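Take a look at these structures.
In the two complexes below, chain A is the common chain; its partner is chain B in one and chain C in the other.
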Partner chain A sequence: MPEPLISLVGVGKRYDGAEVLREVSFDVRPGEMLALVGPSGCGKSTLLRIMAGLIPASSGEVRSNGRLLSGLNPDTAMVFQSFALLPWLKAAENVALPLEAHGVPAPERLRKAEHLLDLMGLRGHARAYPRELSGGMRQRVGIARALCQEPRVLLLDEPFSALDALTAQTLRDQVIDLLQDPAVATRTAVLVTHSVEEAVYMADRVVAFQANPGRVVEVVPIDAPRPRRWGSPALVPFVDRLYGLMT
Partner chain B sequence: MALIVLVVFLDEPHVLPRAGDVLNLSPSMLPLYAAYSLLRMLAAYALSLGFALGAGYWASATPLGRRLILPALDVLQSVPILGFFPAAVFFFIRLFHGAAIGVEAAAVFLIFTSQAWNMAFSVYESLTTIPDDLRTAARVSGVEGVVLWRRLLLPACASRLVYNSMLSWAGGWYFLIASEIIAVGKSTWMLPGLGSYVGRSIALGRFGLAAAGLLSLVGLIAMLHVLVWSPLEAWSGRFRYETSASSETTVPFARTLLRRAPLARRTLTQIGRWTGAGLARLAAVASHVLSGSWVLPLGALVAAVALSVLVYGAVHTIEVLIRPLPAEAAAIPSALFFSFLRLLAAYAISLAWTVPVACWISLSVRRAARVMPVVQVLASVPATAFFPILVLAVLRLGLDLNVSAVALVLTGMQWYLLFNLVAAAQAMPEDLRELARATGGGGLFYLRRFFLPAALPSLVTGSLTAWGGGWNALILAESVTAEGRTWSVRGIGTLLDQATYVRGDLQMITLVIVCMVTAVLLLNRTVWRPLYAWASVRYRLDA
Partner chain C sequence: MSAGLLPHAALGRLFGLIEVMADTPGPDDLFRLADRLRLQLDDLHPLIEAARLLGWARVAHGDYDLTEEGQRVATSDVAGRKALFRERVRGLPIIASILGALAGASAVPRETIRKKLRPRVPPQEAERQLDTAVNWGRWADLFDYDADDACFIRVEEDREA
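After this line comes the complex of A and B, so read on.
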């Protein structure tokens, strides 16, 4: 078995004495789509931020690429439910933000940003401001910004929850395709979602959480063949199983 | 603050003698005087901007900063600044060993104190309301330092900061003119500028010249509004968070001009870019320096020195206060009372016209868009410039001087009320407006059941700031120099004026300022704060 990209061993998190996460352990394996599913308040978004190195764990061990994580995790990039685009920057400038932060000169970083926007199907929108784009287009910009960092692991925090059903479905397929695309370096993703159906549709493995305090109930491999179809009978047993685990 | 305390108290009290005739009143000097006035404004504004960004950032970034800055701003905002002008003049003249630049520094300082606080608040508010996700996104993208300031922090401040800069700039004119007039009327030093030009012309009875000066002043202010502030305000609209496509209501005149002049536009864009980049670099360096480990001991040292000076000042203040009271001190309570009555009268007049106007505006969104630009220009014309004329008119008509005093205080109060009420009118939800229309009922019914409840929190906020402006105006309003003599009515402003310029009585100055500040703070704590707490809970629109 190849070395895990991120590994969590007995991770716990407390805020002012309140226990948010208890004894969480699992690995993120190279090339997989790992989904974290659970009721709201089970700490799955907190866990994603621990993996990104945004907040430290209170106990346990987080390793990225075998090294103990301290500070920001340079191997990850994040996609947000709210898109988190800077409203005063054009699409391409938003995408190029990580490159600007690392001092890449303007022509070079904008060229790369436009390339990524093309890849996301946003050719011709590079100079549009976020407010001029639809929700689905904004999230594509958000994903392009994350890919711009060429992360080994893409962290997706409820990325489809703020979109209408049809747009969300298109974008799910696009993310699955992107992770296979030779033009993109990233192969691995961690998806946080409260939708069991979404997790089963997209993921190779699903980590099921319970709340109060947030803890892992079970890690369920979804060994249904791809490409999958939303609501297909082959996925139903996994969905039923996960609902059973979490309630 | 601490330094002022130190110098004022270490110094022997002295009288600032009245002015000799040194101003060249030829109209050809007007452009030069306009430039002087503008330079003072620019210097003060640059200081205010630096202070606002520094203090606002510090308060937003550290608990210590928040605990120190916010209460300080709160008090400074409601204290009648003009009362400290004599102290500031004393201080800066001593600092510069009697050179004329001391008065310049005092004027700039005075304008600064009228501009900085609300700007600092706006920076603090902008920085603390940046959505969490945006901050996180910046962090995971590795954004920090200069890029962080340029791409997130400064843009996040832009909209509120520009709006507050406009208000501050307008307020600044008020104080600039006030300081020029005070200086020309009462001390041996003078501040060449449009305010002193007008003041001097009127003092000499040369009304044609005064009119020319006033016209230049109004022209300068209107020009700056059209060419600088209104385009800046339109531009800053893009730095708001609403990501929905919004239709622009008004295109500023300057933009239409620029559309026809591509070269000028490109130059301006480039200047804007450099300014943004420069500010970002400065801010980043400053915040980096401030986060260094050596800052803490140094800060502690500075704080200790400032504290000991403040304590020294406080001890001296108390020492001054417990000296056997001078006979004039007995006049303070009644003077305070008469001044309070004047404020009350001016407040009643302000309410009487601003509430109906704002109510009328609230009936239609388009009305506000049409009326407000005019009101903005009107409000930014400093009423202080018209003080001497008003006083003369009152004297000529043989009216009581209380009439002019109340009218002058009114000019310091009314705009704050109007702006806050109109903001509330614009924020009124469309469905409430439709409901009002569907319900029928007359204007009074609408006023009582719809507009007043919806506007009440803003009315209280507006009243608080209006009273602040009123106390300030009082200092100028009660004692005015015109036609070679000083006209005054009984009140706290007159007492301060006499103590400073007639007798140079440090004890009386201290007594009067302490009494006035106490009265203001007492009024805020016992009337406005509780009222605001009540109104904002009871009449919230989004509950």
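After this line comes the complex of A and C, so read on.
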């Protein structure tokens, strides 16, 4: 088995004495879509931020690409439920912004940003402000911004939750396709979702959590063939199994 | 819907709808579709109207069905969808009027197009028409828009990949 990209060993998190996560251990393997699913309050979004190095673990160990993580994780980039675009910047400028922090020169920043927007189907919207974009388009800009940094692991925090069902469906498929696309450097993703159906539809493996405190119940491989169809009978046994584990 | 006006459909939702329609082949009932998508008919209406206007769906007596081109849209990737969308959209009256104005100038003020709508479209709806035209035209790579200067911008045909 190849080296894991991110490895969690006995990770715990406490806020003001309250235990949010207890003894969480699993690996993120290269090339996989790993979903973290569980009821609200199970700490799955907190865990994603620990993997990103945005907040420290209280106990246990996080390794990224073999190195013990301290501070921001340069191997990851995050997509947020709320899109988190800067309203005064145009789409291409939003996408290019993290590259500026990485010291990439301006012409290359813009070239990369436009390339990523093109892959998201938004070439024509490069000069649009976020307010001119629909919710689905805003999230496509958010995804382009994350992929532009060429992270080894893309971290997706409830990326489809703020979108209506029709918009979410096409975007899920687009994310799956992008991670296979030779024009995209990133192959691996961790998806946080409260939707068991979404986890089963998208993931290669699903980490099922219970709450109070958040802990891993089981890691379930989803060995259903791709491409998958939403609501297909082949996915039902996995959905049932996960609901059973979490309740 | 008055003749020649654009339905206010977000394109991500429209393509989602086409995919869902392709999942259930043959004519089906619109109410059942709305129910399955947990959408009000009022929310579904602009999407259906857009699918019809683009020649991708037929609607009659409360039933809908995808056309052959609609089926093709459902199975195409983003680039394929863009190509089909572009050909359909460039002929729609408001889009054609923007393209016509841009044939003679590299930038055309929003006000110019607004004036053309004014005699027959109420002011608030005219603004929505312009916003939707901007969105569709951008997605089709037919023209760009500068929100700071409020004008449509010509894009060169060779931008087409």
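Going forward, the second predicted complex is superposed on the first by the 247 of 247 C-alpha atoms of A that agree within 3 Å, B and C clash if a C-alpha of one lies under 4 Å from a C-alpha of the other, contacts with A are read in each partner's own complex, and residues count from 1 in each chain.
FYI, a residue touches a chain if its C-beta (ideal position, glycine included) is under 8 Å from a C-beta of that chain, and two chains touch if they have at least 3 such contacts.
These numbers were taken from a predicted model, which means no experiment stands behind them.
Student: With both structures lined up on chain A, is it a clash or a fit for chain B and chain C?
Tutor: fit
Student: Looking at the overlay, what does A:182 touch: chain B (first), chain C (second), both, or neither?
Tutor: Neither chain B nor chain C is touched by A:182.
Student: With both complexes superposed on chain A, which partner does A:132 reach: first (chain B), second (chain C), both or neither?
Tutor: Both: A:132 reaches chain B and chain C.
Student: Give me the angle at the C-alpha centre of chain A between the C-alpha centres of chain B and chain C, rounded to the nearest 10 degrees.
Tutor: Taking the centre of chain A as apex, the angle works out to 80 degrees.
Student: Should A:54 be classified as contacting the first partner (chain B), the second (chain C), both, or neither?
Tutor: first
Student: Quick one: is A:227 in contact with chain B, with chain C, with both, or with neither? Answer first, second, both or neither.
Tutor: The answer is neither, since A:227 touches no partner chain.
Student: After the superposition on A, what does A:101 contact: first (chain B), second (chain C), both or neither?
Tutor: first
Student: Is A:174 touching the first partner chain B, the second partner chain C, both, or neither of them?
Tutor: In the superposition, A:174 contacts chain C only.
Student: Enter the shortest inter-chain Cα distance between chain B and chain C once the structures share a common frame, rounded to whole Å.
Tutor: Superposed model gives a least chain B-chain C C-alpha distance of 8 Å.
Student: Counting contacts the way the document defines them, which residues of chain A are shared by the two interfaces, the one with chain B and the one with chain C?
Tutor: Residues 129, 132, which sit in both footprints.
Student: Could you pull out which chain C residues touch chain A in their complex?
Tutor: That would be residues 10-13, 15-17, 19-20, 23, 37-39, 47, 77-78, 81-82, 131, 134-135, 137-142, 144-147, 155, 159, 161 of chain C.
Student: Show which residues of chain A lie in contact with chain C when the two form their complex.
Tutor: Chain A reaches chain C through residues 118, 120-125, 127-129, 132, 134-137, 163-171, 174, 177, 229.
Student: Please name which positions on chain A make contact with chain B in the complex.
Tutor: By the definition above, chain A touches chain B via 49, 52, 54, 72, 76-78, 80-89, 97-98, 100-102, 129-132, 138, 145, 149.
Student: Which positions of chain B touch chain A when the two form their complex?
Tutor: 131, 133-134, 136-144, 147, 151-152, 155, 158, 238-246
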